[in-house]
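After this come two complexes, each holding subunit A, first together with subunit B and then together with subunit C.
On to the complex of A and B.
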């Protein structure tokens, strides 16, 4: 193992600038937060321990899909130490959607369930108590009477006629994009391409939800201030996004909230949704005391929004020499029960198609689908990562089917500067050709001369 | 069962506090003594970020009922630096970029301290074994292993020159 103490970049770029005033790249820059991390002085939200701190725990749905007939908190309130049991009626603007800040509608998710639950673990009542143990005991003693509804867990089943309606606020089991049932790409004529192709290859790809699993679970501590403001210590990845959404849910001016954050014990996209802060603020105002609401590990794994499950069908028109002349993609993203960031993630998936290749005919339908699963949201390149898995698996399978070298197949089809992409944008600054050439060289993978001479700035050798 | 007064030697100082029955060592360190370096990651002994040294042994403080270790010597990350000077493990973690979000760092450093206390010249396999109960989700295991080996080297060097 080598020690990473010497400059990371000892190549041409660093050498060229040696002695100049551009000194950062190629030199070691210590992390500004590292000293706090190694001494234990970095302040994470849960290191804040205000006096008289109360604790919030959720009573969550025991059903995937059900009408709520009755909620009985009598026994919960009788637990010694329980201060309040909050329901949807205590939340000023209970119905919301996080991306309303950028104009995404409709509001489709309650902070606390009203008349229906749409996924297992959906929050119904928030129990606030003197101790964590009393809050847990109280949450366990809330009694909810359900009338079960048929659930739907599969994206294609959810889109079939007669499927149970998951989210009444959406009105149908898919998100509507400017009047359309999905995000679409129409470029050239794929049908013509399939008719003229030497080969047509179609395969299906799918992924399961992936939990970000940060070591620090999602949470916050809300401290009422003497001037009536609320100070929120949070591990959110998005302080201002959280502040604004929380203010909208509370129906207060933004300047009534102050957020202290920026120190995140692992996020990976899982701490972008605004889920714990609004109800913790409601609780802090209700009991006029500091309140902590933090997920335990089981909640983090079960109800914090994961990367969406996707199912992707790719059908390609391919010529005998490996040129891909048409690509048709039908892509389903499982939003779970509520929209959160998935309408945006689905748009990102569409924007990423057909991958970094110049294909003259492209057709894509990208569906954002509602099911009775845990709402999905952001995670590291969401919308793109799974699409890439599918696209690159497809490339490998085509290469195998044609008996071609998989890197040569990619070099043949790689986009070049000046190519018109399926989104009617001209590609510029492309580098796939050079990246593949370099990767081949590093891996000791032989490429023929014509492929080694290819360039992103010309169509020579094609 | 009533609460009781528990006495511990924490980072070389005698500390007394009142603990409810079953209160964990982690909760007492964080809430009664204000020592928040040890973190709660899973509260079920699976992630290692609450690791402290109990009489020199690394333990998941979230699983230790504090009354069972009454009178013991506890070492936490707060007790590692002396007089504002970082020790070899801490400085190697900085120099080798072995921290990212920082949440696993307290536990990682404490298991490293326990390892180097008993073996000043561990192999790479020994280091990997020592941190095997500690989860780093930013996936910085490699820099962490390098940092611990580097810390061992620095400590041995210092021992020679001293």
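On to the complex of A and C.
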């Protein structure tokens, strides 16, 4: 068996790397699930096919923002094979927020819409049927009467006075951080830095929502047990997190639920919201049968929470020799209609600023903003990925404006062991200098001797 | 009309673990009478390989072959709590919990072996072959298969252990943002080489030179797969992906993979990757979390390479042919020739 192996550098940090006499760590061991995955023998949640399995499909909002005047399920119930049409009244604790488990409040999202929809595709009714086809047909025949409300889609428009209120439970179009309108970083004095700078550069960056795009879509199969418990086969990324949130929504003791999972066809953050299990459990209890609820690809792409769009303004104070002496960042994270994991992601973004550089004066306002779009949530690197796009584009533009080598500019400003970060933690175990030096070597980018001799563990060359 | 070539650079760091901590994971381990150790978890393998990494950490700590370790996950009735697979935390949190559990089990294993061999436990060693032997007298030894049987039927001992890893939660100071968000930081640098077609606006990423500082590559093949796969996702984010192509307008959202494009095999750049290791003092065998980081540096490196190639500064993702062409048009308007 041969494997693609990226070489491991042995030069940098040689003194800190213990070769040791390890027998398993540092060796290639075949991935335990590889054979199953490539031969199609791995069992995923959808391979569970209990007898009398019923299927759930959603009727979803056709509007971005509207009052619900009426919901009529008469025609849906008349579809042969439809067993039940569930509404918010069937969900014991319909209002929730997933991060309440780590103390985030308020509950701001209904499992099924009550009197209002806040984004296109918001779930309103769950149709449970004998077959997937009947569930789809039933869902298509639910009739909802709306009174349209003005939507708001732009993060800065949403924060303006007089903007339509997206989420009444939040009370304003932004998340509140301990009484503040945003998550803040205040380190040094950026105003002073701008006043003393040789150059001030300010630019704006923007991203759009991105889908996690796992091969296996989000879903679960709930199987009622003889002892009254529910066994939930799920592709969640976090079994107990899903169990706890589901139990809170159902109002049941935690030990009534059992999650069986652990083998998932890709997550990338898309499977940490708890969006299929609670309503599938309500359905399974209502019809006393196993129930399957799995997103189709269109739901995965347009309804399942994506990576948040971000708008980032960066203003830098820069000296003629390339030293960045101040950085001011205004970040708007588009949470969509509900909080989900975005208040957390916005704080993570604040912790990441001003990027991997030692900048003595840093000011950041990181806003978690509500708009009438699909709620965003976790995705690989959220809070950091888009910030890095902005920060590293900014570094390139500064280097060009100063006529400096882009890697030398980074090496000059790179954070090193012992530096105090903007969130006031002392940096240790840093290695930015070395990854830059090695990348230059790898790509044949020449660096002067003084830059090649720089190190994360010393101030040499600064 | 021409294909214009450019180079772009980016360097990043990435935090390990749930932001602000407070995200524990547990592991339990026990030997069956066959000498096989079962690691019980409720951690989720998304395809990234946590089951394999957990088995490697257990085998190394026990001093036994990897074949003697089974990983049982994830069932909330039988597996202890895990916060979940996210935030580049799996290897770090679960790895540490498994090491703690396996270290306790190893202690019992050596005690029972000491009774069996009638020696002092401190005089015993393992070498990864399955034998527990007396230091300096390697013929005086017992195999784990025989030892596990004897532990149960003869000595009445359970060879088992419990492990947990918790980074205590930090609360940010709301006025200043003072906080302790992470356990450690991994690092990466990308040099991207692109070609921009100034007639179609299509950007092709030709080569990526990537360096990654990962703490320790616990499984070098899986680390390679993770960094190369992550860089692929970075290319995909940079050039193709969004569910709202005209954000903040909500129109034209793709509903399938015919409308939501990602790079196929023909779009893949040549990747030159190098791993660096600066072990983290709190990492399992020094490892840091690298899963999320690997997608990040390619995005700005590609943006910067596009500018280098054709002078268009793209400040909105993704870098679609439409945006490149509009940028080229704007350049021509600004500088009429």
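Keep in mind that, in the parts below, the second predicted complex is superposed on the first by the 437 of 462 C-alpha atoms of A that agree within 3 Å, B and C clash if a C-alpha of one lies under 4 Å from a C-alpha of the other, contacts with A are read in each partner's own complex, and residues count from 1 in each chain.
By our rule, a residue touches a chain if its C-beta (ideal position, glycine included) is under 8 Å from a C-beta of that chain, and two chains touch if they have at least 3 such contacts.
Note that the structure is a prediction, hence the values are computed from the model and not measured.
Using the contact criterion defined above for the overlaid structures, shared-chain residue A:297 touches subunit B and also reaches subunit C. Once the two complexes are laid over each other on the shared chain, residue contacts for A:40 go to subunit B alone; subunit C is not touched. Look at A:209: by the touch rule set out above, it reaches subunit C but stays clear of subunit B. Shared-chain residue A:315: touches no atom of subunit B or subunit C. Using the contact criterion defined above for the overlaid structures, shared-chain residue A:442 touches subunit C, although it does not reach subunit B. When subunit A is checked against subunit B and against subunit C, the one touching more of its residues turns out to be C.
Once the two complexes are laid over each other on the shared chain, residue contacts for A:59 go to neither subunit B nor subunit C. Using the contact criterion defined above for the overlaid structures, shared-chain residue A:49 touches subunit B, although it does not reach subunit C. In the superposed model, A:217 makes contact with subunit B only, not with subunit C. The intersection of subunit A residues touching subunit B with those touching subunit C, taken from the two complexes, comprises 3-5, 30-31, 33, 37, 213, 263-268, 297. Those residues of subunit C whose C-beta lies close enough to touch subunit A in the complex are 7-15, 19-20, 22, 41-47, 49, 51-52, 55-57, 59-60, 63, 65-66, 71, 73-77, 79, 81-86, 127-128, 169, 172, 174-182, 184-185, 187-191, 209-213, 215-225, 227-228, 233, 237, 241-245, 247-250, 253-257, 260, 262, 272-281, 285-286, 291-293, 295-297, 299-301, 303-304, 307, 313, 315-318. In the complex of the two chains, the subunit A residues touching subunit B come out as 1-5, 30-31, 33-44, 46-47, 49, 212-217, 263-268, 296-297. On the subunit B side of its complex with subunit A, the touching residues are 30-31, 34-44, 46-47, 49, 76-78, 80-81, 86, 89-91, 93-97, 99, 101-106, 109, 124, 135-138, 142-143, 145-146, 149-150.
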